[in-house]
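Chains here go by letter, A, B, C, D and E, matching the order in which they are written, and residues are numbered from 1 within each.
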Amino acid sequence: MPDTADLECRAISKSFDDFQAVKEVSFDVPPGTFFSILGPSGCGKTTLLRMIAGFQAPSGGDLLIKGKSMLNVPPNKRPVSMVFQHLALFPMMSIGANVGFGLRQRGVNKVDIKKQVERVLERVGLGGVADRPVDSLSGGQKQRVAIARCMVLEPDVLLLDEPLGALDLKLREHMKIELKKLQSEFNTTFVYITHDQSEALVMSDQIAVMNHGVFEQVGTARDLYYHPSTAFVAGFVGEANKYQAKVQVAGAGSLQLLTRDGVALQGVDAGEGLKEGDMTQVFVRPEAVRLSRRQEDVGNLGNTGNGTVESVLFNGANSQLILRDSATGSEMSVALPQTSEFRDLSKGDPIFFGWEPDQTRCYRQAAG
Amino acid sequence: MPDTADLECRAISKSFDDFQAVKEVSFDVPPGTFFSILGPSGCGKTTLLRMIAGFQAPSGGDLLIKGKSMLNVPPNKRPVSMVFQHLALFPMMSIGANVGFGLRQRGVNKVDIKKQVERVLERVGLGGVADRPVDSLSGGQKQRVAIARCMVLEPDVLLLDEPLGALDLKLREHMKIELKKLQSEFNTTFVYITHDQSEALVMSDQIAVMNHGVFEQVGTARDLYYHPSTAFVAGFVGEANKYQAKVQVAGAGSLQLLTRDGVALQGVDAGEGLKEGDMTQVFVRPEAVRLSRRQEDVGNLGNTGNGTVESVLFNGANSQLILRDSATGSEMSVALPQTSEFRDLSKGDPIFFGWEPDQTRCYRQAAG
Amino acid sequence: MITGIPQSSGFKWTYRAYVTLFFFYLALPLITVCVFAFNDSVFPSLPWDGFTWDWFFGTEAPRLGVFHERPILRSIGTSAFVAVWVSGLAVLVGTCNAFLFVRHDFAGKDFLYILMLLPLIIPGIILGISILVFSSSIANTLEEATGLWFDGLRPGLILVILGQFSFITTFATLVISARLQKFDTSLEEAALNLGATKWGAIRQVTLPFLLPAMIAAAVVAVLMSFENFNTTLMLVGSDAPLTVTMFDRLKQGSTPVLNAVSLLLIVVSAILGLASLLSRR
Amino acid sequence: MASDKSRLGLILLMAPLAIWLMTLIVLPHVGMFLVSLQEKVGIRQYETSLANYAVFFNEPLYWNTFARTAYMSITATVLTLLIGFPVAYYIAKLTRGRTKTTLFLMCLIPFWVSELVRTFGWMILLRETGVLSSFLQYIGVLAGPVEFLYNDAAIMTGLVYTSMLFMVVPLVTTLDSLDDSLIEAGYDLGGSSFSILREIVIPHAMPGIVSGCIVVFMLSLGNYLTPILLGGKDSLWFTGLIYDQFITRFNWELGSAFGFLLLGLSSLIVFLALKLSGQSLGKTMGR
Amino acid sequence: DTLRLLTWGGYAPEDVVAKFEAETGHTVEVTKSNNEEMVAKLRATNGGGFDLAQPSQDRIAGAQAEFGIYKPLDMSKIDTSLFIPSMLEATKGNTMVDGEVYGVPHVWGTSGLVVNTAMAGQVQDYMDLCDPSVAGKVSYRLKRPTLIGFAFSMGMDPFAAYADADAYQAILDKVEAQLIDCKSNVKTYWGGGDEIKNLLRSGEVTASMAWDTGGWQLNDDNADITFVAPKAGALGWIDTFAMPARGRADDAAYAWINFVMQPEIAAMITTAAGNFTASQGGDAGVDDALKAKYQASFPQEAIDNIKWYPAVPAGLEALEGATLDRINAAK
């Protein structure tokens, strides 16, 4: 990246009394990137975002925007804008007054404000609504006004704190795609936080997975999904079947394992340098598992087994099968292929399954 | 069904002033069934459920539980219990007192109440919390208490009004499976209403799709998904690409169509008796569409085309491709197969696609 | 309606009759007072001697109407003067208090909050007396020490205003706090984020949001000030507000002119009440 | 954000509150207490002693009057609650939209005029030759005029009337916040109207009930006009005694002591009521 | 200047005020009150807030000794020729503290009985109010004039005992017993002039102890109701002019005194208040009807029998107060 980053955090931290909400997090966001921070509730996402916006002072570290430290810049002087979780549109002002608010603070003259407001509203597909009250809009339209209100100021970075959280299911699906489109249209750097992995995966150029105040991994959606570098990321991003196993033989990248239930597995080291005797956590994605009614179809895969159908969670294209492994008695979830082959499976049917060793990612299990 | 149905509605209706919220709906729910009513907001689901519970008097029709008419039975005397959308746990009582409320009303003695409350709490996996205040529970646990409070009364029918609506994403996924389990454990008839199709599909034995106060279709999840009998059901349950087309040739069940954009398609009549010249709405599911980089792979399918990749919505196993059809310039969404074949597709890449005529369901388009 | 709970129609009708009766009970004394404002008699009571407008427009001595009663007109003016001051001060201080209690955490907050609520339950007479005793002793001390006069600390309008202010502020604080609590602080942060200064954010976003509550508090304050008797009685000097004047009249020689004043007050209060209700939307 | 700056802001914000409470509530009460400790021993001669308090406890007349006032006020409070609760429930739970607003507004009607005028109205109604007596004679219920004024029942009527607003408003507010679905859930689980009232509605409304009762009790206790104007020859009221000490006896010292006792004893009653109902002042009143 | 006048109802009628304002250019603010409240108010203001007050002559010396709320009058500013000399001298004597004069007379009148002669003609003395024949139809104030009236009626002389607290207490004790005994006869204790007039006029009360003016006013409405001078003697009072210690508009105050004591003005006040004034010749302009009522109520022997209030020594009120409280509380 030849450009200076739009946003750069250097070992930034935040403590509340004894509790460290954000722990020496460093990252930078190149210009024009859609950067998401994904993590479970309470992991420190909002705290981090509020430090960037200037609503909270870091306890340590530095924060630069376009290469300039922001530590002593008050929130109303920072070149960042923020879209709040509940949007925070001003209910006592018209839509136009909301969008023009920032320009008024800058002392832009009325005529220019009117022009610019109309222009940005048109860009978000809401031309001509400037005089209407905020409440006359639907949820998705409000969303767009909130973005317009920030974009009219041409911020270097736009911060978004779970802006889709309050919307209903169908609208959320729709806005995911729309947000991404707006970002590429405005070509502004977005820093987006969410606890919903599908939002992060679908929209982002880069995703940081956050847990307990630290970034566990930063990468593209595919990186995180196919090459999670920690057990937490493997479990949090996408679904997975989980086992605990002990390393029996550790070869070059490939491992032979024995699960607690006494089943032998083959897997790969997810970069942890596992050695013989290490306890590991093993992750296998539901869609990595092949199903068959005949043993020979799956016999050539590195890991195989047989079991009975426990239940079929029919959900159209995303249907899943829960099967009970005959060897261990434990449940396993498998994505049902979109072919009609398995449509007539029902509870109690015998089934064979298997998956490749390289779909079996192993992480060191913390002692105890 | 040899048994009498647990719940039976006969042409039940409800009008508010001029407005008919529920229009002569008839159905019956056999004992032990998980019966869902799925429909968009405002279609009359809650009104129907409240009539069953006795909180609203039907304007017409009859309502029977275990074969007995309930029309003149007040709500506190009906053998049904209800789990409310926001649960309606009594905040002024402990968990145990909540669960024991119904038994107390029946005049059961204290010792028995204590025993039964403890038993039912254990069955929902919450043994030993009886003395704690309601607010000390998490969302999912509250859910279970609400169910326990009803189940302790051993109702003939349990009514649930979007009980998962208030929970967050991950928890909702989890509770879907848990609710289904609880139902089969208690073996009670559940009538469940929701506007979230995935909830209905995953949990239900039978689903009624409701729209504008009428049931459009009643059937299993697979019936609805693979054989939607109306255009509304086809569009509401699962995702679909939609076209408008005119019937050119109507053969035995198979149709030749011409879309508005002038593309020829082959499809099947969804049972509407379409004739030449009829305008139709055509539905194609994203996972019915095959993709390939080479034309010959899809050439033998009944409907084919080519286009360019517009964007890849990466979402792990549920990734989608948005492509732009070269012939029409319109967008189409296609489920990305779980193989690694298409992982490196990116915007602007040329692509071929096709799908079978029997995946192309056609419905009559209302005139105008 | 909790439509879901079926009740017997007998019960429903009894319930409705009870509620109707209740409102009749509420309206009864006011209606009576209003009706007797038109009694053509020098005494505001039965028998009914016919209809007259004299108690509003009469110009001759025993039948002097409100609009020609200088002392009553003057005391209405005094009441209005007091009410404006009280409601202005109460809303001002109430707004500060609301910000203090809703936005800040500090040692002793709970204690201060209880103290703030106390004027609600201190009997008005005690409030008046304690302020009277206290201000008199201050005045006595100051006067002895300096030889000057401190009339402001003696019964009079200033003390009346302070006395009413001392408990009406609690109401104002509660009304305004309730609204401020509903205020989403992210609105203020959004304003800062869009470049507003701290005061700018409060002025452009928070205060407009609070305005309906401030108006409601002001209206309530005006009404309470106008009708206050107990506290005022102890603190009044030579300028008597309306209630005190009316009390004196009631003792000294009342004519239906009191009913006429009351009727006017009822009309004005009703209008104010409706206005505050509308502004709450 | 600079903590020095926000500390200054906090102090500035606290100043009005502090000045208000200090100069108009706390210090005056301290002052009144000090005055109450002054015993008059001669013309313009005073000594510090508890003599004024001794007068209260040694003269049965005074503490009897206090007890009577407290007893009547408690009765008025209970009556107000009993009369007002069904109305509040009706407004909060059985009406919607415009009707609700209208009925709620109508509760404020007595508040449109001063207590003086309301009491004046009751006098016109209740006196021997008043509207009520005449009406009852007219419809034949009474043979001759009957005096409804100048007795404890008249005081009670006036007190309940004056207090109603302060009971109904907090009740409506708390009942409003009771989710209808809780009541429905109660019925759904087999509850009767009575058990739901007892187990769900009343526990939920408790903060409103307590705050309404406290305000009504204190207002009744501190009322001056109603007992004076509607009461009869036996209707002593403690505030009347205080007023007399100040105004007709010029005895500020004893009056202050009485005032302080009224405050202290009534606070004690409120404190006990709060303890009994398990509520706290801040929780119930501060909403 | 603005003259802030603290006075009784009727003593500053609108027309008089208007005339005064027109003649002198001062404006007048009238506050209506009664004796106790006047003293209480002036005590609270430490003698401020008003420029001229009109307490009864017996309420000056004691209050002045205790609270110092008045200032001495500058007799040179008062036109003494306007006053009936005997009343002026008596009042000056009664309101003298440390050799300074604090009050001059204005209006005088009596308290006695107001009776509906058609229904309770037998009531001739204070004690008759306790007669069973008027049970439930009686009203009087629970104030010191009642104590004193009953004391006279019971054959004692409370004024003579003023200087001797113990003797006075003994009288009070007897009166207390009597009034407690009499309580069942009482409909209600009246508080203000309006209240008693309403009670009598409506027939709810037939016999009462009240001011003479009230009786005469009611007489206009109902010829049966009139003022009766009690056998034991009506109680005579003189309301004065006194200057609050910290009044500001002294000149306006003196101007007011000299203005209202003019005979024709005094007549206007008599018409409004119903009582005669200490103005020399002031009764000349008074309506004949009022004079006739006065004469009917007060034959010469009744006038001679009027018991004029002497100044109340400081401290007596405490004794009376306790007595009144006990009567009030008794069942």
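Everything that follows uses one rule, which is that a residue touches a chain if its C-beta (ideal position, glycine included) is under 8 Å from a C-beta of that chain, and two chains touch if they have at least 3 such contacts.
Treat the numbers as computed from the prediction; the structure is a model and nothing was measured.
Asks: In the chain contact graph, what is the shortest path length, in steps, from subunit A to subunit B?
Replies: 1
Asks: Where the centre means the average of the CA atoms, what chain is farthest from subunit B?
Replies: Centroid comparison gives E as the farthest chain from subunit B.
Asks: Have a look and report which chain pair racks up the highest count of C-beta pairs in contact.
Replies: Maximum number of inter-chain contact pairs occurs for C-D.
Asks: In whole angstrom, what separates the CA-based centres of subunit B and subunit C?
Replies: Measuring from centre to centre gives 57 Å for this pair.
Asks: In angstrom, rounded to a whole number, how far apart do the mean CA points of subunit A and subunit E lie?
Replies: Each chain reduced to its C-alpha mean, subunit A and subunit E end up 91 Å apart.
Asks: Roughly how far is subunit D from subunit E, centre to centre by C-alpha average, rounded to an integer in Å?
Replies: Once rounded, the distance between the two centres reads 37 Å.
Asks: Return the residues of subunit E touching two or more other chains; collapse runs of consecutive numbers into ranges.
Replies: In subunit E, the residues touching two or more other chains are 191, 202.
Asks: Among the residues of subunit B, which ones contact at least 2 other chains?
Replies: As it turns out, subunit B has residues touching two or more other chains at 53, 55, 74-75.
Asks: Please output the residue numbers of subunit C that touch at least 2 other chains, ranges allowed.
Replies: 4-5, 45, 250
Asks: Show which residues of subunit C lie in contact with subunit E when the two form their complex.
Replies: 43, 45, 61, 64, 70-71, 74, 132, 136, 139-140, 143, 149, 151, 154-156, 237-240, 248-254
Asks: Give every residue of subunit E touching subunit D within the complex, in rising order.
Replies: For subunit E paired with subunit D, touching residues are 36-37, 39-40, 43, 63, 65-67, 143, 183, 186-189, 191, 202-204, 314-315, 317-318, 321-322, 325-326, 328-329, 331.
Asks: Within their complex, state which residues of subunit B touch subunit A.
Replies: 168-170, 177, 180, 196, 198, 201-202, 221-222, 225, 237-239, 285-287, 311, 313-318, 335, 337-338, 343
Asks: Quick one: in the complex, what on subunit B touches subunit D?
Replies: Touch list, subunit B to subunit D: 53, 55, 74-77, 80-82, 84-86, 88, 90-93, 101-102, 104-106, 149-150, 153.
Asks: List the residues on subunit D that touch subunit E in their complex, please.
Replies: 43-44, 59, 61-62, 64-65, 127-129, 145, 147, 149-150, 228, 232-234, 236, 241, 244, 246-251
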